[in-house]
């Protein structure tokens, strides 16, 4: 088992009502699988929101296998400026 | 006869060595004729310089007949900024 | 030179530097909070950041801009937290030899910032409700 | 609002106005004298104007820009007389609802100014000689 931290921002935070989640997952779980889980928890509220993925505060471009202690964020469209 | 004032700037001033000229001309003289005169006075030094024309501090787009007391400038490429 | 800062509180503008031998062009951009967001009246925006990642992405974008275009300085401050209507949330200064490359770099930088830097806006409505900015349109 | 000024002496920058409800974008451009003009080392430029006409043409260009693009403010100061290397000869501030129209307007305005406003540069070389800027290339 691995333990990962999910950081929630903007619409993800709004949909889940949480800033942060800690999940215990089976070894070998991928970011894509976690994203599916998060979208499910959000009860269709993220269905039309595109999400980029960051692992340990860096964008990743394809699904990765997560490691124990990883910090993951599903990043809705950013709005700086 | 009419009397007109020619204002000289930048390369025109440099070529003629003068800031201003006063010319007495026959009635009916056009800006184009005065331009030819000025280019001649400049001794080929304005041959490659394109000149716009202003009469009484406004650009004109085609040759005009001058009136007594007009102020004329042959404007080399401007360089503001 | 690149300087980027994420700031919680009002922006101190970088001083206009009237003493540069090689930079013919200095371009400053200030982005301000407007009184309406997606047609709803707001009193302020609250900017949320992904801490550390926002600043490191901002720095990457700035460094890429300086490398891609031939510019000398790119300084940027981005505010987070509550920013009232009328105040600046973003302040950018670019110095370059010529004006054209400066404008192209400024546009590129702001677009890339808006595309990559993990910062989000929450709209604060007149009744005090706080909602993600995108949701003001629904 | 349009403000234009031709100034003999150092430019006082317009204050950055952090108190605007409707203008999301403020763009400032400062044009400075560089140490070289057409590859010759200079110590200063001397800007010559066609008195009255320079200011009236500058105003026309500014008013046309404000009308053509949807921008709220265009403020401009252009210096004449001797401007030392490193100092600003041109200072422009544009305020608009959105950034894109502001940048387009700024580019248009500066190009039109460089095209129409009767102001010329004289290069002051290291030995004190003063020649029309164009002639530094020959």
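A, B, C and D label the chains in the order they appear, each numbered from 1.
Everything that follows uses one rule, which is that a contact is a pair of C-beta atoms (placed from the backbone, for glycine too) under 8 Å apart; a residue touches a chain by one contact, two chains touch by 3 or more.
By chain, with names taken from UniProt: C, D = Molybdopterin synthase catalytic subunit.
A quick note: this is a predicted structure, and the numbers were derived from the prediction, not measured.
Touching chain B and chain D at once is no chain at all. Chain A and chain C have CA centres that are 26 Å apart.
With centres defined as mean CA coordinates, chain C is found 50 Å away from chain B.
Our note on geometry: chain A versus chain B, Cα centroid distance of 73 Å, whole angstroms. The set of chain C residues that touch two or more partner chains comprises 31, 110. Chain pairs recorded as touching, per the definition above, are A-C, B-D, C-D. Only residues 31, 47-48, 50, 52-54, 56-57, 78, 89-90, 110, 113-122, 131-135 of chain C touch chain A when the two sit together in their complex. Remark: chain D residues 10, 13, 16, 18-35, 85-88, 97, 99, 103, 106-107, 110 touch chain C in the complex. Those residues of chain B that touch chain D in the complex are listed here as 7, 9-11, 13-14, 54, 57-59, 73, 75-81.
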